[in-house]
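Common to both upcoming complexes is chain A, partnered first by chain B, then by chain C.
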Partner chain A sequence: MDDKKVLVRLENISKNFNNVKVIKDVSLDIYKGEFLTLLGPSGCGKTTILRMISGLDDVTKGKVFIDGVDVTEVDATKREVNTIFQNLALFPKMTVKENVGFGLKMKKLDKNIIDKRVKEVIKLVKMEGYEDRFPSELSGGQQQRIAIARSIIMNPKVLLLDESLCSLDLKLKKSMQIELKRLQKKLGITFIYVTHAQDEALSMSDRIAVINNGKIEQLDTPENIYKNPKTVFVADFIGEANILDGKVVNVNDGVIKVSLFEGYVIEIETDEKYEKNEQIKLIIRPENIKISKKELINGIEGVVTETTYNGDSTKILVDVPLKEDIKVSTTDDDKYNSSTKVYIKFDSKLIVPLRK
Partner chain B sequence: MKKKDFGFKTIFILPIVIYTLVLIVLPIIYVLFLSFCTSDSYGGINYQFTIDNYINIFDITYIKMFVKSALIALVTTFICLLISYPFALILRRKSESVKNLATKLIMVPFLTNSLIRTYGWIILLRKNGVINNVLTGAGLIEFPLNLMYNKVGIIIGMVYTLLPFMLLPVCSAVFELDKNVIEAAKDLGAKPLQIFKNIILPQTISGAFNGSLMVFIPSIGYFFIADILGGGKTMIIGNLIKNQFLTARNWPFGSAISIFLIIITFALVKVYKRLGGKIEDLGGL
Partner chain C sequence: MKNRPINNLFIFLVFIFLYLPIIVLVVYSFNSSSMNILFENFTFKWYEEIFNNKELIESFLNTLMVAGISTVVSTILGTMAAYGLYKYNFPFKNLLNSLIYIPIVIPEIVLGISLLSIYTLMRLELGLHTIIISHIAFSIPFVIVSVRSALTRETITYEEAAKDLGASNFKIFKDIIIPIILPGIVSGATLAFTLSLDDVVISYFTAGPGSNTLPLYIYSMIKTGITPDVNALTTIMLLIVFIILTTIAIIQTRKIRKEAI
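This part shows the complex of A and B:
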């Protein structure tokens, strides 16, 4: 990915449905060969963005470029983009072979060429031997593979996946994720993946665009999205986070002092310029909080209200002199029963300050 | 519990069984019986076994009539299909309330007797009827068209009367189409006609065949439409049967043609089942 060639460019696109603004002035560059995820809650407009790239929905305002060509007015049938639909939308009255070969048949290619390509692609998705079955005779995962095969046979410049893994059970989902990544690397196709599941987005994507209310909240790598959320929404939506209110009490050259409550002040390094007495939000991930039954230097005293065992970690809710209980995630073996008196301490380097 | 259940079922099913037996099964058996009898010259029946009635059906005069009748029925069916698909495909994209309203409107004509509705068409179709007056008045044609007392009139009447039987099954099949499947086809480069041929038609064919049966079979037999709008000049099988019973008074021959028609109907239903149709969907038939 050294040559960052822009493959899909969305230029100030907006979309109205019945005079309701669904997409508000979104601009986005998607690079060749990357796996980009549009992540957001349902109804945020992520699927609409996808449909505007595929051409199944037109844009109200703005422009769509694919490979440098303005395709805003180009019909979906002619865009070199293919979609894998949420419900897969396989053709029920066609066999696997016919489903996969459909796009090439529409191009009126020679039958021998179609057969050869179908064979190749079916092999690629490891579905040999199922050529003459009907979609209804396949399992969920197999249908998924056929839907993928049906799209990649077209050699699309971009493959759009609309919540395609949502209907699968957890184990199958994991294996399909790996499969998708494998195919993407092998074919070098650009993937744009739409999902509301943040774990999928974090594990599969090169970059994630977090969408909320028809706008991009943050566009960044999974790591940056998780570690340095730019808005409270992103912090809250991706993973678990404690979102605390604080007041800046001292500003000093890249370091601010923030008071969380009467008598408790922490120092945070930041490049952002804050004013004294400014009200800000602090984002702290549960795993960045230390918890102990013994007193910690500069720690906060609290009482355990709830513990949840998750196998690899334990989630603990601690009641402290703040508005909400603090979520702590720990991997140590100490038992923290309800009403145990504990001390917690924030790792001040991993606190992200945000303006409201 | 079981005994009580039995009593309940009997009370509700028995009248239907009696109704079917007395008004459908017995008459058909009687017609079947008659078809193997001979008629005397005064319109009476001789209870003497013969298969001549069936052999007579294959007389060239009747064969011609069967073919003509089947052609009229085929054209009627085809026109109904041609109207129903665009109608259903346009309506498919509309909201649920529009769909419901349209479906209700299709049913409205059924509230009037079909004989009266057929007479109504005379006002529209005759030489100085509404349609011809409008067309000549608008200067589109010089002389009035012959829209009735010929095959055109019969087909117009048949299409009008039988269209709902095509519209309803075709609509219900088309409405069941998955929007995503059609979009997927579009996404893969299929043009509208290709989508229709490759996606919509295969997925709705059983609805279309269902409707075709419900249009084709009655249109062989609806003699009153041929009488009123065909002016009695064009006979369809329905007229032939009616004439054998009422005019020629050859009940055994009329019975034989009726049985023959029933056999054709069953054969068509068999084909329908072959194509994967469900017998329940045929409803009225």
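This part shows the complex of A and C:
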């Protein structure tokens, strides 16, 4: 990724289905060797973007470039891009070997070469010994590996993964995630991964494009997406967040004072210019809130309404003089039972102010 | 699960009702008396008579030819139609989809008369070819319906996956679609064959002089009462159908078992 060569470029693409705008003027550069995730709720258009890259759907407006070549009008069969489908779509009447070798057979390669490559790739995904089985005779994880093998045997420039891990159970999902990253590093193929699961996106991607309503809300590294969400949607969709209403009461050279409720004001550093009396949103993650039974300086007094133990942390809902209960996540061992009186305090450096 | 004996009795009665006439028919085909009332002696006489009856043999061959050609043609056309209806969108597609069922539900006699009037209108001389065309016409919907049931939403992703891997439309159809819809094609073809084999009504309207099929011949035989040679003939037909169906059933169960392992 050092040279930052653009491999896939989407230029102002739009897509209409029966006059409904599904994708609205999306532009996106994907670098060579990168693991990019398109993340969004179902129906946001992320799969459609993927299908326009693979050529299975045509674009209504705009252009698609792969490796510098305009492929907007190029048929899916001719694009050097392969897809791993959501339901994997392994051909049911073909054995593992036939499935994996299918693409090369279509290229009319010599049978010996195909056999050799099939053997290599099956070894790469650790599925030796299953060559003559049918897909229905494999477990979910094994089917996954074969689907991956069937695609990477084509040496695609870009591998597109359409919610490919969704059907697996948690443990298998985790091991497949590691497997995918391993393969991606080894092969140096660019991965474009579509998912609605934010944990997958955060743990696997080099960059994440958060998509909502056919538009990219934010394109950034997982860390930035989590720490500095640019829109309320992103903050809400990625991880847990408290979204608070605030009113700017004082603006002073990179520092604003925001009133959350009568008599409670916090100072936030920001580069953004805000007007006095502007209504804004404040985003604060549950783990950036301090909670204590003892009084905290400049803290807010509240009452615990609910506690959920999560193993590595405890999630506590606190009723404060705000519209909604505040979500707090803590790792200390103090017991916070319901209706305990507590004090919470925001880490003002980690509060993200956003315009509505 | 209560009243088991009574349940069994009902099942027994149903089987008696279904199969007793057939058993009687088979038994009387070996009866030396030419009357279907008393069983006299065991004989193969009627079977011999059948094999010496040139007219009957000829009509039997006609039937095989009609059924063979109409099955092949209607299976090919029906499969193509089912695939086209599944894959492509075009105006009046829904209308066409419902029109397919009309030949299935329409009374045979209406179909027979309308086909006859078309042939007359076109000044087409009646003969075996008109029977074949008619049989193709009424078989196609059955093939379409049975093939279409094998084409599901999943099939679309298989096609897309194949396309993604560089397969041409022809290859997709040959290597991906055909294996998936093969059971549908086989059952459609079987249906078409058996329908053509025993069709009387439509053949009756569209047959010309000298173009007798076996069902038509049998029909003309029983105009003068059921004779033992008819019994013998139907026994043979029964045997043929039984053999064909058993073979198909065995092949299919073997295949299912193989895939289920």
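One rule holds in what follows: the second predicted complex is superposed on the first by the 356 of 356 C-alpha atoms of A that agree within 3 Å, B and C clash if a C-alpha of one lies under 4 Å from a C-alpha of the other, contacts with A are read in each partner's own complex, and residues count from 1 in each chain.
Just so we're on the same page, a residue touches a chain if its C-beta (ideal position, glycine included) is under 8 Å from a C-beta of that chain, and two chains touch if they have at least 3 such contacts.
These figures come from a predicted structure and were not determined experimentally.
Undergrad: Kindly say whether there is room for both chain B and chain C on chain A in the superposition, answering fit or clash.
TA: Superposition check on chain A flags a clash between chain B and chain C.
Undergrad: Looking at the overlay, does A:F102 come into contact with chain B only (first), chain C only (second), both, or neither?
TA: After superposing on A, A:F102 lies in contact with both chain B and chain C.
Undergrad: Looking at the overlay, what does A:F261 touch: chain B (first), chain C (second), both, or neither?
TA: In the superposed model, A:F261 contacts neither chain B nor chain C.
Undergrad: So in the superposed three-chain picture, is A:Y274 touching just chain B, just chain C, both, or none of them (first/second/both/neither)?
TA: neither
Undergrad: Name the contact category of A:Y31: first (chain B only), second (chain C only), both, or neither.
TA: Neither: A:Y31 stays clear of chain B and chain C.
Undergrad: Looking at A:F85, would you say it contacts chain B, chain C, both, or neither? Reply first, second, both or neither.
TA: It touches chain B and chain C both.
Undergrad: Taking the superposition as given, does A:F65 touch the first partner, chain B, the second, chain C, both, or neither?
TA: In the superposition, A:F65 contacts neither chain B nor chain C.
Undergrad: Take the contacts of chain A with chain B and those with chain C, and give the residues found in both.
TA: Shared contact residues on chain A (touching chain B in one complex, chain C in the other): 54, 56, 76-78, 81-83, 85, 87, 89-94, 102-103, 106-107, 150-151, 154.
Undergrad: Chain B touches which residues of chain A in the complex?
TA: Against chain B, the touching part of chain A is residues 54, 56, 76-78, 81-83, 85-87, 89-94, 102-103, 105-107, 150-151, 154.
Undergrad: Show which residues of chain B lie in contact with chain A when the two form their complex.
TA: 178, 180-181, 183-191, 194, 198-199, 202-203
Undergrad: Inside the complex, what are the residues of chain A that reach chain C?
TA: 54, 56, 76-78, 81-83, 85, 87, 89-94, 102-103, 106-107, 134, 136-137, 150-151, 154
Undergrad: Residues of chain C touching chain A in their complex?
TA: It comes out as residues 154, 157-158, 160-168, 171, 175-176, 179-180, 259, 261.
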